[in-house]
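Pasting the structures here.
Below, subunit A partners subunit B and then partners subunit C, in two separate complexes.
Right after this comes the complex of A and B.
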């Protein structure tokens, strides 16, 4: 059901909701970027709609709400383990359509691929998703190529226009809270085209895995892993045990974000590792995002948010890489014929 | 505390298992016989989970009545600690994980099992089975290579195996007084009598280069790729398809492997 209401009314509703939910949205952190006088936009808790950054793309995705950067799994003593408590409150997350598609990729890995992940599920089950529209495409976005520019799978859509707030609710709680508000049809803003367009090769023959094409990335990539950390669909982690300095027999096991670009990702005990070459790591990631994941799960993993292109300190463009790879695949097919 | 008391719905919480026996093969390779009562297959693995130190994926190297054997090599943070302090009589485990070897695939066939070093661990359960039930196959040859005589694992088991199956053991580097075979496993393959190489089964586990050369040699003597099975070693960090470290193309080694038929295994490129 669609409604037109006021910012004041909506803030009052969120204030009530904050008794049971932490509310996360992209916020501007002034001067907090990686360069002098550069802001960063990342997720944080909000108490008022005016704190939300609607006008620009967030540098980081919402994924840290469901997959914290460092998450305690359990506490241990010598003979006992105790599962870490779930947060007392649920979460409400403001996010854009592409990220809402990213949520499905996370669900697939954490709820369907192998055993259900206890920690992800308990957060996910208590999280509501509020769609933020896109009136225009941002730099490096290619959601239209990935088919993620629209999504109906939200608990609510919300648009703030000065003092007016438009809401499309799929959530009983909001329908009740908005009783009496003007009913109107609300259609989420979405883009129909991006400046960046990618064409994904249907299949990439293994003979191209060692092509000189990847060497260019090997020479430029510095293995910092930023592309993985900003990506809403990168879900890898590594186990990490810590113990308390005042009681060395007690401690906790955590999982922390991991990156397939960073050294050590494939290291096994004894010293053997795979993909020591950074170009091969790029190949591994690209193939995962636009080929391998689809073969296993039916959709591409990449959702076209372009954050990896925004963040790369070496100006490596994932979108360009896909297009160049596509050309390479076409060329090699022609050569064979 | 009773064993398995801690078994939980949460897949990340390990359970406590008692060490019932420690078999020392070499200075750095011991087999830990652990209490375990659930279903388990050769080639599956457990995460040995040491609070404070982390987890290490270890293949099942033997299956007993209420026990599993984990043959552990002292090569890293977790395994160093196990060797230093296993006197505690228990270890935390998660698992078993992975598909493992399905003995039914090999019954009634001529079998050539080629293993390199600790690669013998994940396939030892197969050797144990056919050594105990030689009538279940048309012939079983174990061809195994170690670096040197002092690296030989499962010496006691070899004595039993040699009575029931054809065993060829070779070392890369002999020492004074060693009177067994020397050289790489591949050079012995042509000598092994195979009646019908069209239907014979090859099982190959070991270091990547050893596996590659062995498979080439198996093709040379007429094995078909659909009759060859391999097991892959990767960094299995979670064991349940989440952490991503063991993934190769669309394959999660921890879920879909580590055992693969070669028709699939040949396409795995890291």
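Right after this comes the complex of A and C.
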């Protein structure tokens, strides 16, 4: 159901909701950027709609709400272990259409790919998602190429226009709370075209895995992992077992984000690493995003948010890499004919 | 027949050159940043009254050579819009620069452009220029954005090196160690890992911000306040060239401005009036009076942040030719 209401009314509703939910949205963190006097836009708790950064794309995605960068899973002593408590409150997350599609990728990995991940599930089950519209495409977005520019798989859509707030609710709590508000049809803002367009090759022949094409990335990539950490669909983690220093027999297990670009990702017991070459790491990531995942789960992993292109300190463009790969696939197909 | 008061000429930022009858005008550019619109004005002076050439000085000014002493008033008139645009304190409008002792306050490019910078060096340099110019005493002050010290503050009477106090949010750290590697390879190896988390050796850390720059998840961020390392009494020259030594570490802007201003009082009190041209350089004055006496004058009324470390006694080394 669609409603028109006021910011004041909506803030009051969120204030009530905050008794049971932590409300997360993209926020401006002034001066928190990599360089002096540069802000970061990333997820944080809000108490008022005015804190939400609607005008710009967030540098980091919402994924840290459901998959914390560092999450204690359980505590152990000599003979026993205890799972870490789940947060007492649920969560409400403001996010854009591409990210809502990203949520599906996370669900696939953590809920539908073999055993259900209980740590993910217990956060996920208590989270509500509120869509933020996109009036214009941002720099580097290619959601239209990935088919993620629209989504109605939300608990609510919300648009702030001065003092007016438009809501499309799929959530009975909001319908009740907005009883008496003007009912109106609310259609989420979405884009129909992006400046960046990518064409993904249907299949990439095995012969291109060692193509010289990847070597250039080996010289350019510095293995910082930023492209993975900002990506809403990168879901890799690794484990850290910590023994408390005052009592070496008790400790905790944490899981933390991992990145296939960063050193250590393919380290084995004994110290051998499988992918030392950064060009091959690029190949692995690109193939995971726009080839391997689809072969297994039916959709591409990448949702076209373009954050990897926004963030890369070496100006490596993932979108351009896909297009170059596509040209290469077409060329090699011609050669075979 | 020329009849000149060379002392007045020098005070007016003109040089007594080796070429009989010709002087050179020095244009100061505090912080080393100017808008391009001023370049044609400087070009015009060089082409109208100079020999068409411009020398870029080591202190980030312009020196326009080949000017006739008789044209100084005309040149001063042409300097006026430059002086105004660069917001230089001026005692008598239209008469050019009224002092030359306190040199142009220079700065590296800083946070306007450089990714390593911890603060806006140009803005602080301009602020300092406002506080100390014009003055006949020979002071050299330079600002640099980070511990790389591109402007070479350590060869100045006062060098101000930016510092940030890295803030660690452990919940945003996944232990990639990019910060540890950067600090070890590019800075002072102040970071170590304990239970997969990062420990910063606060005594070693120089506040360069490499950890902040290299952290991919914003676990490291900059402190809201900028801090500075104040290094003092570096110099070049004939007798005892030497690098400046640390005086204050983790100091604030206000403390630094106050100390530099206090130093003018110290020099006025102790300068050797019999020295050639009445000029004696601060560093040599401190060598005479001893550091303790200087510190007493310098710290008069200075309010320190609790973080600030004050060094003392300070010893300089360098090369002694005397």
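What we mean here is this: the second predicted complex is superposed on the first by the 337 of 337 C-alpha atoms of A that agree within 3 Å, B and C clash if a C-alpha of one lies under 4 Å from a C-alpha of the other, contacts with A are read in each partner's own complex, and residues count from 1 in each chain.
As a working rule, contacts are C-beta pairs under 8 Å (C-beta built on N, C-alpha and C of every residue); 3 or more make two chains touch, one makes a residue touch a chain.
Note that the coordinates shown come from a computational prediction; the quantities given were computed from them, not determined experimentally.
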Once chain A of both complexes is superposed, is A:109 in touch with subunit B (first), subunit C (second), both, or neither? first
Subunit B versus subunit C as contact partner of A:229, first or second or both or neither: second
Contact-wise, after the overlay, does A:270 reach subunit B, subunit C, both or neither (first, second, both, neither)? first
Of subunit B and subunit C, which one touches more residues of subunit A? B
According to the stated criteria, A:69 is in contact with first (subunit B), second (subunit C), both, or neither; which is it? second
Kindly classify A:258 by the partners it touches after superposition: subunit B alone (first), subunit C alone (second), both, or neither? both
On the A-aligned overlay, A:203 touches which partner chain: subunit B = first, subunit C = second, or both, or neither? neither
Quick one: classify A:36 as touching subunit B (first), subunit C (second), both or neither. second
Can you list the residues of subunit A that touch subunit B in one structure and subunit C in the other? 238, 240, 243, 258
Please output the residues of subunit A touching subunit B within their complex, sorted ascending. 73-74, 76-81, 83, 109-110, 113-119, 206, 209, 235-241, 243, 248, 251, 253, 255, 258, 260, 265-271, 274-275, 280, 284, 287-288, 292-293, 295-296
Could you pull out which subunit A residues touch subunit C in their complex? 29, 31-37, 40, 42, 60, 68-70, 224-226, 229, 238, 240, 242-243, 245, 254, 256-259, 262, 264
Touching residues (chain side subunit C, partner subunit A) in the complex: 111, 115, 117-120, 164, 170-176, 178, 194-196, 209, 212-219, 221-222, 224
Please name which positions on subunit B make contact with subunit A in the complex. 1, 6, 8-14, 16, 50-56, 73, 75-79, 90, 92, 233-235, 237-238, 240-245, 247, 249-250, 252, 254-255, 267, 269-270
